[in-house]
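Consider the two complexes below, in which chain A is the common component and chain B and chain C are the respective partners.
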Partner chain A sequence: MQLVSGGALRKYVRIAEISFTNRVVYLADHFASSIFLILILFIFSQLWKTVLGPSGEIAGLDSTAMLWYMLFTETIALSIPRAHYLVSEEVKSGDVAYKLIRPYSYILYYFAAYCGEFAVRAATNLSVGAAFAYLTMGPLTVNWGKFGWVLLGFALATSINFLVCFCVALLAFWLEETRPYFWILNKMTFIFGGLLVPVEAYPEGLRRISYLLPLRYSFSAPARLVVDFDYSLLWQMLAGQLVWTVLLAALAAVMFRKGVRRVHVHGG
Partner chain B sequence: MAVIDVNGLSKVFRAKTKEPGLRGSVRALLRPTYTELGAVKGISFAVEAGELLAFIGRNGAGKSTTIKMLTGILNPTAGTAQVLGLVPWESRRQLAYTIGSVFGQKSQLWYHLPALDSFRLLGSIYEIPHRDLAKRLDAVVELFELAEFIKTPVRKLSLGQRMRCEIAASILHRPQVIFLDEPTIGLDVVAKLKIRELIKRLNEEENTTIFLTSHDAGDIEQLCKRVIVINHGEIILDTSTSYLRHNYLTTRIVNVKFAEPCPGLRLSNAEILKHTEKGVKFRINTRSTSIEDVLGELFAQADTADISVEEPAMEEVIRDIYRRPAGEGEQDAVS
Partner chain C sequence: MFTEAKRAVRFVFQYFSANLQSAMEYRGAFLSQVVFMFINNLMLLFFWWVLFTQIETLNGWSFEHVMLLYAVASGAYACQALLFGGSFTLSRAIAEGRLDFYLALPKPVLLHVLISRSAASAWGDLVFSLAIFALTAAPSPGLLLAFLILIFAGGVVMTSFAVLANSLSFWLGQSEQLADELIEALLTFSLYPEGIFSAATRFVLYTVIPAGFVSYLPVRILTDFTLVHVVLMILFALGLALLARLVFYLGLKRYESGNLVVINATE
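On to the complex of A and B.
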C-alpha cells in the first residue's frame, strides 16, 4: 500500500460518492431487506419484555436498552456491503491485475466504495429499525454530549469490518472458494460480536475469547456505547479498535502484495 | 525516441497438469507436475509516436499476453520493454497517467450508472482538474458522438455504444499511447465502421499512438498503416499495410470475357478456374509468372472483350500468412 497525498484523496471521496449513488438506485431493495431487521427486533422485543420484565437487566441494560443495543449491532451487521464477494471474484479470475494499472490503490478503492455503500444500507436499516424500536419500546436516552466519541467508534468499527472482510476475500488468491470462510466469519460475528447480548454478559470463557478478537470492538462495544455511555468502555474500545485496525491493515497489505505477485507472474 | 520499445520480450506460463479422474487429482495435489507454455517468445519491435499499428495473429498467438505485459498487467519471463520511457511492470501506476487501455470484455464503466457518471469519476481518478475535465468531456462527447446516450445506464447500451463509451473512458486523461485489445469484437458492420472512424480520428486529431489487436481484416485494411503479425508467440511479419497488400499475397485472379468462344485455350503458367463459352477465369502467381506473359499468351489465342484483375482481399492475405510455417515470412518482412 502506498500513502495518499492530500490532492489524491479527492478521488477516493468521489469513489465513495459514486458507490453511494450506485446504491441509492437499489433503495427500495434495501428497505425490503430492513423487513428482516424488523422481524428480529419484534421477536426480541417480546422476548426481553417477558424475560426481563419492567426492572430486569442484562449486563446493566434493561429491556428497552437491550432492544436498542441490538438495533445498532444488527444495523452494522446487516449493512455490511457485499462488495467483498466482488473482490473474491476479481482475485480468483485475475481481474484484479487489470485494476492495478489504474492510478489508485486497490485497497483504498474498495474501502471508499465500501463506505459509500455502507452509508446507504446503514441509513435505511437504522431509520426503519429506529422507528420500530421507538414505537415498541419507547425512546432511547442518548448522551448527545458524548456523541462524537460514539461516531468515532462507529467509524473505526467500519474500517475493522471492512478489513476483516477484505482479508477473507483475499484468501481467494490461494483458495478456490471463499464462501465457507465468509460463513464462518458470519457465525463468529454472531457470537463474538455480541449481536444479541453484550459480550460483557457472556460466561467467563466466551468473554475472554471475544475480548481477543476484533469483532467485539466493531459490533458490541460501539453499540453498547450508544445505549450506555461509559468512559472506561470507550477507552478500552478505542484502544482495541486502533490495534486491530493497524494489525488488519498490515495483514491485508501483506496478503495483497503476496497474492498480486502471483497474478502478475501467472496471469489471470 | 520510440514510444514503445520492446526487446526480446518473452512470457512463459506454467500450468499445473492434472491427469483425469480421482487418482489424477490426488497425484496433482501431492506431486504437482507443470507444463510450460511459451506464449510470447522473444519478440522485439519499436513503435514511434503517432503510429497506428495493428498487432494481429490467430487465437492463442500471444497478442493479449503482449498487451498485458506492455500495460503492466503481467510480468514478463524475460526481455525488456519500455513504454514512454517507463518499464510497464515496474511503474504501473505512474504509467497509468499517460497510457490508456481497453480490453474487450473488461469494462471500466459502472454498470448501473450512466457513462457520464463513470467519466466524471475517472476524471477524479486521473486527477484531471475540474475545468479541464468539463472541456475534455465536451470534446470527447463530440468526437465519439455520445450525447444521445451518455445519460443512459451503461447496462442499457448496445455493445457498439458501450464500446464507444469504453474507448472514450480510456482517453479522458489524454493518454499518449492507447492499447486496444480487440475493440471491434462482436460488433456489427455499422458499429465496426463507427469505431474504426473514431480510432482514426483519435490518431489524426490528437496524434495518439494506437496499438490495437484484431481478428478483423477490415480493421487492418481501413485503419492501420503498419501491421505486426505474431504466430505461436513469434513475430513473423512486421511491415506496412500497403506493402502487405501489394507484395505479400502474390496470386491474382484474372477474369476474361471473350468476344468469341475459344474452346482450345491453353495457358502454360496459369491455373484455369472456370472456362465457358463466354469467358475464362484463371489464377496466376506473380512471383513466378508475370501477368504480361500470361496475357500475351491469352491474346495470341483468344479474341477478348474485357479483362479484369482481382487483387486478393486483405482477409485472404492474412489467411495466407497464417498458413505459412513459422519463419518463412521473415524473408519478406520489411519495415
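On to the complex of A and C.
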C-alpha cells in the first residue's frame, strides 16, 4: 500500500470528486430510490407512536427520537455504495491486474471513490428522510455546538463500513463466490449494527457481543449520538471506531498483499 | 371448461417441475440459497423478539401473532415466487418487447409468462413459513390444509397485484422501478401487524395496497375462524386475479413488439 503524501492526497481527493460528480448526474435516480426509506420510516412512525405513545421510551429514546435514530442508521445503510461488488468482480475476472499497474493505491482509489458516492447518496437519503421525519414526528433537537463530534463519528463510521465491505470483497482472491458473505454481513448489520433499535435495548448477552463488533460503531453509535448526545458515548464510540479502523485497515492491507500474489495474468 | 382448467393446472405443474429441475442442476447453489433465505427470514423476526422483550402486546398482537403473520406472509410470497415468478419481471418484458415468444405459442399468454420463472430461493421462504407455522400453531392436518389454502390465496393476491403494477408499462413505457417499488411496498406492509396502523392506513391496506388480504386477514382466520372472513378472502383473491387479467389483456392491445431475437432464459 502506498503512503499518502500531500501530492498523492490531492490525487485521491480528485478521485472522490469525480465519483461525486458522476453520482450527481443521477441525482433524480437517487431521490427516486429514497422511496423505500420513506416507506420504512412511515411504518416505523406508526409503530413507535403505537408502542411508545407520547411518553414511553426504549433504551432512553422516545418515539420521535426513535424515528430520527432510525433515519440516521438507515441513511448510512442505504447510502453505502456498491463499489465492493465491483472489487469482487475485478478480482474474479482478473481485471484487477489492469488496476495494479496504475499509479495509485488500489485500496485508496476505491476508498476515495466510495467517499464521493457515499456523500451524494447520504445527502439525498438524509434530506428526503429528514423532511419526512419532521412532518410525521416533529423536529429533532440537535446540539449544534457539538455537531463537529457527530460529523467526526460519521466520517469514521464511513471508513469502517468501507473497510469491512472491502475485506469481504477481497475474499474473492481465495473464494469463488463472495455474495453469500456480503449477505451475512448485511444480516449482521441488521442485528449488531442496531439498524432498527439501538443495541442498548438488546438483552445483556447480545448487547455485549455488539459492543465487541465494529458494526455498532459504524451504525448504532453515531446515529444515537445525533439524537441523544452524551460525552461518555462519544468517547466510547471514538475509541471503538479508531481501534476498528486501524485493525480493519491493517487486515485489508495484509489481505490485499497476500491476495495479489495469487493473481495469474494470462494476457488478454 | 373443466378439461380446460385441468389442462391449465397440468401446464402450471409441468413448468413448475421444469423450473425445479433447472434449479436442482446446481444443487449446492440451490441448497445455499434455501438455507440463506431461511436464516434471512429468521433474522427479520429478531426485531420483533427484541421489541416484545420491552412490551407485552401491541394493540392485541402478541409475539406469537407476529410469528403467524410472518409464516403467512412468507408462505404467500413463496407461492408467488415459486409458481408465478414471471410476475416480478413482467414490466421489463413488456417495455423491451419480449412478449413475442409467448404470443407465438398456443397457450394463455399471461399464465405462460407468469409460470415461466421460478425463484429457487423462495423454497427457503416456504420452509420457513411451514416451520414457523408448525412452531406457533402446532397444527392438526385440517389446520395445515387451511394454512396452505390461505397462503396460496395470499400468493394469488400478491401475483395479481404484481401483474397490475407491471402492466403499467403498457401505458407508461419503462416503469420497472415504479412496479418494483409497489411490489416491495405490498410485501413490506404485509410483514407488520395491522394493529400499528391508523384507520386511514388500514383502509389503504385493504384496498389500494392489499396487504390486509396477504397476511392480516389470513392471520385473523387462523386465530379466530369465521366463514365470512374465508369467503371475503377467496372472493377478493378471485376478484383481483380477474381484474389483473382484464388489465393485462387490455394493455396487451397496446403492446409493440421489439422485434428482438432473444434467448428466453433466466437472467
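In this text, the second predicted complex is superposed on the first by the 263 of 268 C-alpha atoms of A that agree within 3 Å, B and C clash if a C-alpha of one lies under 4 Å from a C-alpha of the other, contacts with A are read in each partner's own complex, and residues count from 1 in each chain.
Everything below uses one rule, namely that contacts are C-beta pairs under 8 Å (C-beta built on N, C-alpha and C of every residue); 3 or more make two chains touch, one makes a residue touch a chain.
Remember, it's a predicted structure, so these values are computed and weren't measured experimentally.
Colleague: In the overlay, answer first, second, both or neither for which of chain B and chain C A:I43 touches.
Modeller: A:I43 contacts chain C only, not chain B.
Colleague: Once chain A of both complexes is superposed, is A:Y202 in touch with chain B (first), chain C (second), both, or neither?
Modeller: In the superposition, A:Y202 contacts chain C only.
Colleague: After the superposition on A, what does A:F190 contact: first (chain B), second (chain C), both or neither?
Modeller: A:F190 contacts chain C only, not chain B.
Colleague: Contact-wise, after the overlay, does A:I15 reach chain B, chain C, both or neither (first, second, both, neither)?
Modeller: first
Colleague: Let me check the overlay on chain A: which residues of chain A are in contact with chain B and also with chain C?
Modeller: none
Colleague: If you look only at chain A, which of its residues touch chain C in the complex?
Modeller: 32, 35-36, 39-40, 43, 46-47, 50-51, 58, 180, 183, 187, 190-191, 196-197, 201-203
Colleague: If you look only at chain A, which of its residues touch chain B in the complex?
Modeller: 7-8, 10-11, 14-15, 18, 21-22, 25, 95, 97-98, 100-104, 264-267
Colleague: If you look only at chain C, which of its residues touch chain A in the complex?
Modeller: On the chain C side, the touching residues are 32, 36, 39-40, 43, 46-47, 50-51, 53-55, 58-59, 177, 181, 184-185, 188-189, 192, 195-198, 201.
Colleague: Residue numbers of chain B touching chain A in their complex, please.
Modeller: Chain B residues touching chain A: 13-14, 65, 68, 71-75, 89, 92-93, 95-97, 101, 103, 106, 108, 110, 112-113, 117-118, 120-121, 124-127.
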